[in-house]
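What follows is a set of structures for review.
Both complexes shown next keep chain A, but they swap its partner, so chain B is in the first and chain C is in the second.
Entry: the complex of A and B
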């Protein structure tokens, strides 16, 4: 049996474990909160897409000796605006627009990359390494978290309304399209920041799985965000611990922990429904 | 200085456009439409052609016609959801969008994501948002107005239900409650009594009468021809985007 001491030992002993713990907590909170909108607005595909479309920005920034993060942010914002523009007024469905921007930007990145001699410099930023986050990364994640969570909090009622009834929003003069752009931009910032710290796969998982888990357990928006954050942080801590204890890849361990929590929530809901059906029949 | 900064801030119209209240033009009709032409969304094909109608303040106009006649299109145009191609459309003497406080619109039920995690009470509260603007949270008075309207529509016991757990009739009443919470002068209802239970039909009929007595103006798309005489003051018949006739209904109120 694992004791509490065993559980906290790696975090007390190693600074890099403390740093990665902090990164996972912040990225988990950030991704899980905005992830609730991603899931409710059926944009699950977009996190994955954004994670790939930053590639040309990174490559160009690298060639010109600029900050890779800045390149990623610019490419992410361009993607977000491109998706918003292509799918405005339902000319194209949003998932189609995402598919087009995703492949275009990723192919552009590959093309640019093929002109360089080595691919290796880019793999780090694309796949990230949660065990290797620096204090600089942590500051960056902290600042982006404040911006994104602050905006979501300030405009909560507007984001909520445009998510389920954009028509009423338009009728009362609320610009649903601009709020959609705002959300896409916040999402681009989130994804770019999270990728640098924890990689593409972990970012996609943190955006979708905790929010989906929470959506099985409640039908209140604020509670859904809270549960999603708890799920993300729990998965982060469990995953980090397992990756240390059994010497397995940390990102993958966290994603699997997320999936297991989702599975448990699913199982719990199914059992609850079956039981309430059973009681209803035999009472 | 703070006041001027605040005025500038409002003028940015970043998310809300023209959200300030604008007074109506004196002695204007609630709705005045002349030779109105409207395109279908994203197409250069006319959905409405040469519609003309005048709705005095405090009266009730029924829009009648087969499916696809343009009833919903007309309501959406008045609500400011579709651009006008040509012609005139004035609401209390002002162009569309000049004052969002004054127009409430009840869409057809299918246009809302009913699975969204929000309660009936909060859905009705979204009717107050036009008065709040951004950054302001609902005040106790806003909640009081919302709760009174919920009670008036017989929904008090369901106030904390998630909106997807309501029946079709209850959802329709919730949308009507939201339109009332807005405290608008011109109320646009798109098929409020289609596919709802008898209780909801009776409540909605009663409300239309009450609202008109309070001086509200109503424009209602309806299939329910039996109640035309009792519920409305005049009727606009539409077919394939054109106006077949407009007539006043003779009855004593």
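Entry: the complex of A and C
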């Protein structure tokens, strides 16, 4: 049996484990919260898409000796605005707009790289790894978390209404378009920051799976966010611990832990439904 | 008087004849210059030194670029289709070359420089043998995807001398008219390489023997280690793919860095250095400036030729470890 001492040993012994832990807790909280909107609005691939659309920003920043992160943020924000503009007044669905912007920006990045005949893998230079998180990254995630979570909290009624019932929101005079832009911008900030700290796969998973897990268990938004955050943090801690104890890839371990928790929630819901159906029939 | 005029006329005629013959000949020489393709920057530099101005040289993967993640363009295919000679390192360092050669339909002779050379096998992480024997399937997969043998031979200058001899022989065979030039240039360059090799062997003495441990992001310095007496170790093994290391491995590496008693570890310029920064911070050692690993530096940098790149690496290693 594993004792509590065994569980906390890696975190007591190694600073990098404490940094990684802090990173998954913060990235998990941030991504899982905003992820609830991602899942509700069916934009599951926004994380992966943003990971590709930042390429032209990184390449241009590199050629001009600017901060790669800044380049990525600008490209991410442009993508967000592009998606918002293409899908305004439901001209296109958001997922279609994401597909268009994703391929456009990524191809632009490759074209820029080929003009310089430089095939350095730019994304590897910027994109991080959960084990390589620096104190600077942690501060950055903290600041972005404050901005994003603060905005979500301030406008939670508006965001909730436009996500669940956009028509009703329009009727009572909410500017759904403006709110959509705001959400897309917050998402771009979140994803770019998370990617440069912990990498693409982990960010994409943290954005979708915990929120999806929570959406199986409740329909109420605040509770959904709370459950999503708990799922994300638990998966982060479990994954990190397994990665340490059994020498398996850390990002992958955390993503798999997310998937397992989702699987459990799915199983739980199915069982509950089966049982209540059974109960209803034979009462 | 008459004799003088006829002499002048004779000289003029001769001059005209020489010009008449030489001008089209030099034109023809430019047309017929050997068209040589090198797969990447370091190899291109060796060829440039042997061939001087006698060939048209094209390098596919330029300075500062990673051959592993290279994506060929149609222009590359065109370059290959015109080529007479293609030089490659081999050992799966240029995984894209076979397809490119096929698609370009080139008739060029391909010279794979490491063919028949005794290469070091990819052993993966040094600690896989001495620290734990249990399954590490992921690391193994990464290695095998990269090939059985380590292609990074250029970090051992004595091997480079052999490769330069092969380049010379290939050029002489393909273009006998300039054989003398190739032989001379190669001899000059090999002399410089010999000096460099000796210089590294001697300067390494400045580093105490116990500190001759080269810990890098990727395992690219095995040949350097074998030739110049360094132990090598790395955080991510041999692949430059998006590696996702395990927390356990990083913890072990930190313990090994502490145990090795080295004052510094090294980053490279193709990956995010933050993992190495983290390891350095935790083990209480310095992170040395990045070394040149798989490509020359861009023109004007401290590593824009092979000789400069090796001297820069040597200087950086000695300063960091002594």
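Worth a mention:
In the analysis below, the second predicted complex is superposed on the first by the 269 of 283 C-alpha atoms of A that agree within 3 Å, B and C clash if a C-alpha of one lies under 4 Å from a C-alpha of the other, contacts with A are read in each partner's own complex, and residues count from 1 in each chain.
In the analysis below, a contact is a pair of C-beta atoms (placed from the backbone, for glycine too) under 8 Å apart; a residue touches a chain by one contact, two chains touch by 3 or more.
Keep in mind that this is a model prediction, so the values were computed, not measured.
Once the two complexes are overlaid on the shared chain, A:172 sits against chain B while remaining clear of chain C. In the superposition on chain A, contact of A:240 is made with chain C only, not with chain B. Chain A has more of its residues touched by C than by the other of chain B and chain C.
Of the two partner chains placed by the overlay, only chain B lies in contact with A:218; chain C stays clear of it.
By the touch criterion defined above, A:151 lies against neither chain B nor chain C after alignment on the C-alpha atoms of chain A. In the superposition on chain A, A:10 contacts chain C only, with no contact to chain B. Contacts of A:133 after superposition on the shared chain: chain C is touched, whereas chain B is not.
For chain C in complex with chain A, the touching residues are 61-62, 64-66, 69-71, 73, 132, 134, 136, 138, 240, 242, 244-251, 254, 269-272, 274-279, 281-282.
Residues 13-19, 41-42, 79-81, 97, 100, 103-105, 107, 111-113, 116-119, 126, 129-130, 132, 134-135, 137, 162, 164, 178, 182 of chain B are the ones that touch chain A when the two sit in their complex. Chain A contributes residues 40, 89-91, 154-155, 157-158, 160-161, 163-165, 167-168, 170-175, 178-179, 182, 215, 218-221, 224 to its touches with chain B in the complex. The touching residues of chain A, counted against chain C in their complex, run 10, 13-17, 19-20, 110, 114, 117-121, 124-129, 131-134, 137, 199, 201, 240, 243-253.
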